[in-house]
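Each of the two complexes below includes chain A, the first together with chain B, the second together with chain C.
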Partner chain A sequence: MKYIVISFLLLSLSGVKNSFAQTDIYRNVVPDGNIKLVHNEAKNNKNEIEVVFSGLFLFYKTFFSSQDLTVCTFTPSCSEFGILAVKKFGVIKGGVMTMDRLTRCNGLSPSNYEVDKKTMLLKDEPGYVVRVPVVSDIK
Partner chain B sequence: MRLAIILTFIFESFIVSGQTLPQTYEFAEALYSQKSYQSAVEAYKRILFFDSTSQYSKAIYPKIANSLFETGKYQEASDYYDLAFFSEENDSLKTYFMLKKASSNLILRQYDYAQIELLNLPDSLSENFKIQKNFLESILFFAKGEFENSKDNFNKIIPDQGKVETIFKKNKKIDKISPKKAKIMSMIIPGLGQLYAGDIKNGLNSLILTGGLFALGINSAINNGFLDAAISVLPWFQRYYQGGFNKAEIITKAKIDKKRFQIFNQLLDEVNKTGFKPI
Partner chain C sequence: MRFLILFLISFSGFAQDIFSPKNAEKYADYLLKSGQYELAAKEYERLVFFSPQNDTMKTMLLKSYRLANQTDLALQRLMVIYPEVSVVPYSPSVEISKLYFTKRDWKAASEFWESNKSLPEDDKTLLKTTVQIFENNFQEARETIELLKNDENSLGLAYKSILEKETHKKSPALAGMMSLVLPGSGKAYSKNWKDGIVSLFFTAGMSFQAYRSFNTHGINNYRGWIYSGIGFGFYLGNIYGGIKSTKDYNRKKINNLQHEASNHFNLYF
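Right, the complex of A and B next:
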């Protein structure tokens, strides 16, 4: 037993030495090829309804959205908007807001929204009220 | 009472004095030597702000740059190495700053900026700087896909050249994976490109989804007519079919990146074994 513990400690010491290797800061100079998306919207569920809707959201994202082109004109996308709206306003109001959002997802009125510079998509979060009139520069 | 407070404040203003520049410099140096880099940067920047004659600039720029480099703020570190370079006359130190700037740019994946710094290095370098240059060039060329140049530089650092040769042979095999081929395969049979890239889950997902929509379209065409099928199913089929072959290309590119990343890390492990320490 004693020898096992000693050898384990020695092994972990060698591991520690490797983990602080001098060239470690250069390891990410080359992209690691990780394209897996993390959906934070489906985390931190507070009740069973949120768990169910988060499950539906993840099912859609994994099996349908993953095979799709980038077709949504908004950020967050319609499915993300849906789960965020349900979490923020409940099933009824959140559901109505999601349906409203789906009817607006056509790119016909970009001048009503701000443009997210990172994704170049129109910004529209649930419950976000635009207080200043927005006229998009993107034509 | 109010008068007493006011008098106390006035009296204090005569006896209390702020930290002078030399004191702040001493304080910043102490923080730097204790490796409290974040606090050191703030103290050094305070000196730069109040140093109207720029007497401390030359000594401070490299310290700020090193502190920022240590705290992972590589973009800002690169800017301060630039300032350090232009305020320094010593050739050896100038070379050091250029190498550090190239390092910062490499970590930020600004390969072209890093290459400019490395090309600007003087031809005659000391033995230590030469090895450092070789190391940075080996990384740079690997990242840019110039593998022969990268191999030459790794060979100068790693004594076991057989090992380098073996790793680069493995790297050569990755060239056979083609994102275009995957895309075309997925155009012929949806999901085939993903399977070719080794992504079985996405391959089957694409095949079932597109196949299902295709079957639905055929069924709709037989029962309701071609026009109805075209209106109701074709847009969905087009979305997932086109999305599928575009994703096949993306997945294959990611697969290549993943394999290259593994190879690159193997090379860095070999460099670590030599006991090499980057500056």
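Right, the complex of A and C next:
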């Protein structure tokens, strides 16, 4: 039984190249999987703690989040919010802010947030303060 | 016949005087009104070069830069076109104040009004009140608006009405205390019921899981401690969230008043 499974896996590996060739037909519809996602949030680390948290963030993004659809109601997403908050406010406050954000990520109170026109998601950046402009931008 | 046509065409050449200051002004005005602010600024630069003493053109130049979101460039040009700020006439003074407002540089704005001799005292008072309203300093704004000499001033009356509207704010400290006692109640206090209930579920759920794990596997097992850690994180997050939610509630109320103040300001100046 063990040898059958191993040989099946090896055979399936040999078919990997062909499966890519199949998706090439739909290259204008489906991304070919070679698109490298760049997470700018994990760059420009200033100390060891930020390096550790950026590593955890990249691990989550690569192995967990990549297997799921975009389900977060916010932009930046909760994981991105977490790393940005830790970088901006430190581990303790940033961590607490992230825990609060996780409970708010339910889509029940969309009226509390602005909508990001690009992603059509609710905008919630760590430490973002809404400022009312004094002077009109058309007069 | 051919000579007659050529003769008439030569006359039509005289009509194409698009670079005269008068036509350039018309074109710049068109660019500004059609929302092409950067191009308008370039055209007004030309006009200021032609007539360096024309304050209207200078005002329009600064306005074009402001509307094109090039406030830094406008302030750089300001130093060149008005080297002495104390003698800047009224109209450009108002535009300069607007530039500082757009940049939210309250300190530079105050310094400018103090040194400027063209702005009437009442206008300076109104501009100072505007700054205080947008800095959320309503108490000082109430004191400043009382210095207004003309009681019938429309903006003054509008500001007084806005400052009277500043109603009772909710206490973030009380929200924090409420969240400390019952998770989610701080958010509910600031009328954020749904988030409050979710917070309660998250914290209560993790606490129950921790309790069950400790009961089933004992205190030396890792499961209970993991649930406790996550639950404690949610609990702390709920306290922070309660305070933040209340601050947001207060901020929204103030922002509404600031929107109203902004509308009156833009109608007046």
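The rule is simple: the second predicted complex is superposed on the first by the 96 of 139 C-alpha atoms of A that agree within 3 Å, B and C clash if a C-alpha of one lies under 4 Å from a C-alpha of the other, contacts with A are read in each partner's own complex, and residues count from 1 in each chain.
The rule is simple: contacts are C-beta pairs under 8 Å (C-beta built on N, C-alpha and C of every residue); 3 or more make two chains touch, one makes a residue touch a chain.
Please read these numbers as outputs of a predicted model, since none were measured by experiment.
In the superposed model, A:66 makes contact with chain B only, not with chain C.
Shared-chain residue A:130: touches chain C; no touch with chain B. Applying the stated contact rule after C-alpha superposition, one finds that A:102 touches chain C and leaves chain B untouched. Of the two partner chains placed around the shared chain by superposition, chain C is the only one that A:112 touches, whereas chain B remains out of contact. By the touch criterion defined above, A:38 reaches neither chain B nor chain C. Shared-chain residue A:120: touches no atom of chain B or chain C. Contact residues on chain C toward chain A in their complex (touch as defined above): 35, 66-67, 98, 101-102, 104, 130, 134, 192, 194-195, 198-199, 202, 233-234, 236-238, 240-241, 244, 248, 251, 255, 258-259, 262, 265-266. The touching residues of chain A, when paired with chain C in their complex, are 95-104, 106, 108-109, 112, 129-139.
Those residues of chain B that touch chain A in the complex are listed here as 103, 106-107, 109, 139, 142-143, 202, 205-206, 209-210, 239-240, 242-244, 246-247, 250-251, 253-261, 264-265, 268-269, 271-272, 276-278. Of all residues in chain A, only 18, 21-23, 25-35, 63-64, 66-69, 71 touch chain B in the complex they form.
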